[in-house]
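So, here's a batch of structures to check.
You will see two complexes here that share chain A, one where it goes with chain B and one where it goes with chain C.
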Partner chain A sequence: MAHFDKNAKPFSNKWLDERIAINTLKRVLNTEYWIPKDINFLWAMGMVLAATFGLLVISGIFLLMYYKPDTNLAFDSVNYTIMAEVGYGWLWRHIHGVGASIVFLIIYIHMFTGIYYGSYKQGRELIWLSGMGLFVAFSAEAFSGYMLPWGQMSYWAGMVITNLFSGGSLEAYGLVEWIRGDYVPGDAFLTRFFMLHVLLIPLVIIGLIVLHFGTLRLPHVNNQEGAEIDFVEAGELWKAGKRKESKVIPFSPVFLSKDIFVMGVYFILFFYLVFYHFDFAMDPVNFDPADGLKTPAHIYPEWYFLWSYEILRPFGKDVGLIAFAIAQVAFVFLPFIDRSPNVAPAHKRGLFQIWFWVLIIDLIVLTAMGKLPPTDPVFAIVGLISACLFLAMGPILFIITIFEKKLEKGE
Partner chain B sequence: MYRELKVLAVVVFFSLLTYYLVEPYAHHEMHKKVDANGTELVIESHGFTYDGRDDIAEAKRSGNETLVATKIDFWKDVVEISKLEGDVTTGEAVFANCAGCHNGMSMNMGGVIVPNLDHAGRIYDKNYLIALIKDPAMASNVDHKYADTSMHPMGSIKFTVSDNQQIADVVAYMLEKKAEEVTPKEAYEEACVRCHALRYKKMTQLGDTPTFKHKKDALAHEIKVIEEQEKVQAYMGNLPPDLSMIIRARSAHFLETFVANPQGQLPGTSMPRVGLSQEGYDKVKAYLTEAGDPSKKAREELGPWVIGFFIIFTILAYLWKKSMWRDLH
Partner chain C sequence: MEKKRRDFMGLSLGLFTAAGGVGALYAMKRTWDPLPSVQAAGFSTIDLALAKPNELLVEKWRGKPIFILKKTPEMETHKRDIIVGGERYHVSIGLCTHLGCIPAYKKDTKTFFCACHGGVFDISGIQTPGLPPPSPLEIPPFKIEGTTLVLGEEGPEYLQMKTDGLTV
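Entry: the complex of A and B
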C-alpha cells in the first residue's frame, strides 16, 4: 500500500499528486514537454484541428437533440425544426457545416506541412500513420454526416459511393445491399449512417487523436530546419534559465501562447465564414429533398473528396476503381516510399522540392476537374492526365529519393 | 516574422486558388447555357420588365421563321398598346368581364385556380398585363403548349376583351385601383400559391391551412388539397415543387431569371411566366426568405459581435504570446 498523507487537504496539489501523480503529469505533458523554438505558425495546426473537432462535437450534440433519423422526417427536422424553430439552431448547424468543410482544409495544410518538412520519418512514422488513420476516420465521418439532412446530394452521393462496393466487374451487388440494408438508400441506410456518424466513428476519432498525441511525445515535434535536437540537454538549459541559448520551449505556456494566438486568427476567419459565407460548405442541391426518381444534373462530392473522385472518373470502371483504391491508400505509405536519409524542409532537398510542388498543383488540378463537367473534352483530358500523373508520383518519389545525397549538418 | 508571412502567403494563395476553381468557376461552368453553335447565352431578368426580347431570341434559336414573326408582331402590339392613354372609369366597366372568374373564390378552372387580382396593379408589370390580356399563352411564354390560344384556361379573354383601347383601359384601372400596398405573404398568395405549396408556412395549393378542432375536418381538408393537387398535376404534367427551401436550393441569379422567364433557364418547362414586377418579385422573394432562410436577420445581427469577440481575443492572445516569447531570441 502506497503512503497517503492523512493531513493533505482534499484536492490540494499534494493530495492529487499522491493519487494521480499530478506533478509528473504536468511535467511530462506541459512544463517539460519540449517543443523546438524554430517553428512557424503551421506548427499550430494540430491545436487548431483539435479546437475545430471540439466545435464539431459541441455543435453536433446540440443538433443531435432535434435531428430525426427517419427518411420522412430528417429533411424537415434539419431545415425547419433546427433552422426555424430551435433558438440558435441555425448557428449550431452553420458551425457544424462550415466546421466539417474547414476541418479538411486544416487537415490538408497539416498533412502537407508534414510532407514539406519531412516530419514522417526517422522515428516519426507512427505519427504519420496515426494521422492517416485520422484522415480516413474524418473522411468516413464527413461522408456519413453528409447523408443525414437527406437532401438530393445526400441521397445520390450515398447511392454513388455505396455502388463503388460492387467492385466493378465483380458485380458484388449483394455486398452493396448489405451495406445499404436495402436495394436503394432508404430508412435502414439512413439510420445506420446516423449511428456511425454520432457514435462509432467519433469514438474511433477520439481514440486515434489520443494515439496521435501519444506517438508524438517521444520523437518530439519537428522544426523548420529538420535539425536534430538533444531535447534533454536543451531542456536542462531552459530549466537553468538560459532561455536564449536553449533551442526549446515548454509546451505550456510558451508554445501554447502562440497556438492560442493562431487559433484566434483562425476563429475570426471561421466565424466570418459561419455568418457570411457558408454557402461553399452547404451545397444548394442538398436543399432539395431526396428524390430517388430525380437524378441531379451534376453529382459531385464535397470539395475535399474531389481529387480522389477525379482519379476514379476518367478511367473505365475496373481500372478506375483500382486507381481510386490506390489513391485512397497512397499517402499512408509515404514514410516507406521516401528513401531519403534527410529530415529537412523540401527547399533543401533538390528534386524533392519539385516533386512536392508538382504534387500540390496536381492535387489542385484534380480537385478542380473533379467538379467540372466531364462532358467537356478539355476537362476530360486534363483530368485523365492529372490522374495518371498522381499515380506516377509514388514511383517517382521512390526513385528520386534513392539518389538523394545525405545533407551535411548545418547545410 | 518575414518568414511566417511568406508561409502564410503561400497557404492563402493555394487555398484561394482551390476555392476559386471549385466554387465560382466550377458553378459557372456547370450552369452555363450555350446555343447550338456553342456560344454562351447570357440570361438576365431585365429588371422585371417585359418587352419580349427573350421570347424573340428563343424563337430565332429554334429556327422557326413564322414563330419569330408572330412573336415580333405580338410584342410590337404590346408596346403600341402601352402607349395608349387608358381610361380608369371605362376600365372598371371592362374589368366586370374579368371579375366573373377573378372573384377571389379560388375556383379551379381548366386545371388551375383562378388568381386573385387584388394587388395585380402592384405586383405585375404593366406591359405584362397588357400582353396577358391580349394573348395569355404568348405573354406567359407557354404558347408552344397550345395549338390555339383559346385552349388556354384564360383563352376566353380573346372573345371578351379584344379591342386595344379596352385593354389599355382595364390595365389603367388595375394599375390605379388594384395597387394597394401589398405584404410579402399576399404577393406570394396571389402570384405563386395556386401551384406551389409552401409547407414551412403551412400553405397548400388552397392557401393557408386552417386549424381544425376535429380530426374529421382536418382530413376532409386534406382530401380537398389532394384533389386540387391532382388537377394541377394533370394540367402541368407534374406537381410543381413545394417552395419552402427554394431560396437556399437555387442561387439568387437563377431564381430571378427563372421567375422573369422560366423558358430561359428550363426550356420546355410548363411553368408560365407570371409577369412579376420588380416590386412584386422583391415581395415574393422576401416571403420565400422568411420560409426557407428565417435566420438571415439573426445571423446578420449576431455576426459582428462574435467576430468582434474573436478580434479582441486575438489581440489579447497576441500580447500574451509577445510577453511569453520576449526574451527567447
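Entry: the complex of A and C
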C-alpha cells in the first residue's frame, strides 16, 4: 500500500498530494506547461472559446428551467414566459443567443489563426482534427438549439436541413422521416432535438474539448515564427530564474493572466452586444410561430452557415448536395492536403499567403451571397463562381504546397 | 494452453457484448422511428367543389400542404391532371422537390415559385429545367369519391399515374 502520512492535515497540500498527486497535476498542467513567449492575442482565442462555452452552459441551465419542448407550448414558453415573466429571463436568452452567434466568430478566428501560422501539421494534426470535431459538434448544437423556439425559421430550417438527408436522387425519404419521427417536423422532432441540444451534443462537446486540450499538451502551442523550441531546455532556463533569456513562460499563472486580460476585453464587447445589440442574433422571422402551411418569403441560415449554404444553392440538387458535403468536410483534411515541409506564418510562405487571403475573401463573398434572395441573376453568377472557387481551393493548395521550398532556419 | 483459454474467454465476452450492442442499437433505432399514431393519422378528404379556377386552394395532409388548382379551359392540360366532373385539377404536395419549402402560386405568370432557392414549376407542377428542383411536384396518393378526393388511399387513377411514371 502506498504511504499515507497520518499527521498530514486533511486537505493540506501534502494530504492532497498523497491522494491525487496534486503537485504532479499542477506541474504538468500549469507551472511547467510551457507556452512560447513569441505569440500574440490570437493565441488567447482558445480560452475565450472555453469561457464562451461556459456562458452558454450557464445561461442554458436557466433557460431550461422554463422552456417547454412541446410544439404547442415551446413558442410561448420562450417568447412569453422566459422573456416577459421570468425575472431576468431575457438576460439568459440574450446571453444564449448572442453567445451562440459570437462563439462561431471566435471559432472562425481560432481556426484561421491555426491555418495562417501552419499550426495543424508536423505533430499538431490531432489538435486540428479534434478541433474540426468540435466545429461539427458546435454546428449540430447550433442547429438543434435553433429548432427550440419553434418559430417560422426554426420549422423551415428543420424542414430544409433534414431534407438534405434524402440524398437528392437517392430519394431516401424514409431516412428523412426517421430522423424527424414524423412526415414533417412535429412534436417528435422537437423533443428529440431538445434532447440532442441539452444533453447528448453538450456531452460530446465536453469530451472533445478535453481531447482537444490533451492533443495540445505534447506538441505545445505553435508560435508566431513557427520556431521549433526545445521546451525542456527553455523550461529549465525559466526555472533557473533566467526568465528574460528563456523563450517560454508557464501556462499558469503567467500565460493565463494574459488570457484573462484578452477575455476581459472580449467580455466588454460581448456584454455590450447582449445588452444593446442582441437583435442581430434574433431573426425577426423567428418571432412568428411555426406554420407548416406557410414558408417565409425568404429563408436563410444564421450568418455562420451562410458560406456553406451558398455552396449548396447555385447548383442543381445532386451536384449541390455533393458540393455541400465536400465543403462540410474539406477543412478536416487540411493537414494532409498541405504538403509543404514548413510550419511558418503565411507571410513567409509565398503562394500560400495568396491562397490564404483568397480563401478568406471567397468565404466572405459566399457569406454575403448566401444571405441574398435567390432571384438576382448577377449575384447568382457571383455565387456560382465563388462556390466553384472554394471547391478548387483544396487541389490548388495541394499543388502549390508541393512546390513550396523548404525555408532555412531564421529566414 | 493458458493462452488458448484466455483467447476463448476474450472471444466469448466479445461476441456476447457485440450481440448485446446490436440489440441495443436496434432498440435505439426503433425509438427514433415515427410513432404508430403519427403514421396512422394519414388520411384526409378534400372537397374539390371548393376550388375556384386559377385560385390556389391549400389543404393539409400528413402535416404537408396540398395544392389544388382548378384549371381554366385556356390552361395547358397534362396527363397529371385529375379529372372530376369534366373539370381539370392540378393536385400536388405543395413542397418544393429541391429541399421542401412551399412554393408560392403566382396568378399572373401561372407558375409556382419557390423563394428558398428560386425553383419554378408550371401549372401542372412540372419543374423548369436548369433550376434546383430535380423533379415535378409530387402527387399524393388519392382516390376519387364523387366530387371529393381521399388522400392517403390509392385509387385506380393514381395507380395509373404511378405506372406511367408521372409521380413517385
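Heads up, the rule we're going with is that the second predicted complex is superposed on the first by the 411 of 411 C-alpha atoms of A that agree within 3 Å, B and C clash if a C-alpha of one lies under 4 Å from a C-alpha of the other, contacts with A are read in each partner's own complex, and residues count from 1 in each chain.
Please note the rule applied: a residue touches a chain if its C-beta (ideal position, glycine included) is under 8 Å from a C-beta of that chain, and two chains touch if they have at least 3 such contacts.
Model, not experiment: these values are computed from the prediction.
A.B. asks: After the superposition on A, what does A:54 contact: first (chain B), second (chain C), both or neither?
C.D. replies: Neither chain B nor chain C is touched by A:54.
A.B. asks: Would you check which partner chain A:360 touches, where first means chain B only, second means chain C only, and both and neither mean what they say?
C.D. replies: first
A.B. asks: Identify the partner contact of A:373: answer first if only chain B is touched, second if only chain C is, both if each is, neither if none is.
C.D. replies: In the superposed model, A:373 contacts both chain B and chain C.
A.B. asks: A:341 in the overlay: touching chain B, chain C, both, or neither? Say first, second, both or neither.
C.D. replies: It touches nothing on chain B or chain C.
A.B. asks: A:164 contacts which: chain B (first), chain C (second), both, neither?
C.D. replies: second
A.B. asks: Is A:40 contacted by the first partner chain B, the second partner chain C, both or neither?
C.D. replies: Touch partner of A:40: chain B, not chain C.
A.B. asks: Which holds for A:395: it touches chain B only (first), chain C only (second), both, or neither?
C.D. replies: Neither chain B nor chain C is touched by A:395.
A.B. asks: Which of the two partners, first being chain B and second being chain C, lies in contact with A:261: first, second, both, or neither?
C.D. replies: first
A.B. asks: More chain A residues touched by chain B or by chain C?
C.D. replies: Looking at chain A, the partner in contact with more of its residues is B.
A.B. asks: Touching A:293 in the superposition: chain B (first), chain C (second), both, neither?
C.D. replies: second
A.B. asks: Overlap of the chain B and chain C footprints on chain A, residue-wise?
C.D. replies: On chain A, the residues that contact chain B in one structure and chain C in the other are 297-298, 373.
A.B. asks: Quick check: in the complex, which residue numbers of chain B touch chain A?
C.D. replies: Interface residues on chain B, with respect to chain A: 3-4, 7-8, 11, 14-15, 17-19, 21-23, 25-26, 29-30, 199-200, 241, 244-246, 248-251, 292-295, 298-300, 302-303, 306-307, 310-311, 313-314, 317-318, 320-321, 324-325, 327-329.
A.B. asks: Of all residues in chain A, which touch chain C in the complex?
C.D. replies: Chain A reaches chain C through residues 156, 159-160, 163-164, 168-169, 171, 177-184, 186, 188, 192, 292-299, 313, 315-318, 320, 373-375, 380.
A.B. asks: Within the complex, which stretch of chain C touches chain A?
C.D. replies: Against chain A, chain C makes touches at 32-35, 38, 58, 60, 62-65, 97-104, 114-118, 131-134, 168.
A.B. asks: For a test of understanding, state which residues of chain A touch chain B in their complex under the given definition.
C.D. replies: 37, 40-42, 76, 79-80, 83-84, 90-91, 94, 105, 109, 224, 243-244, 249, 253-254, 257-258, 260-261, 263-265, 267-268, 271-272, 274-276, 280, 282, 284-285, 287-289, 297-298, 303, 306, 360, 364, 367-368, 371-373, 376, 379
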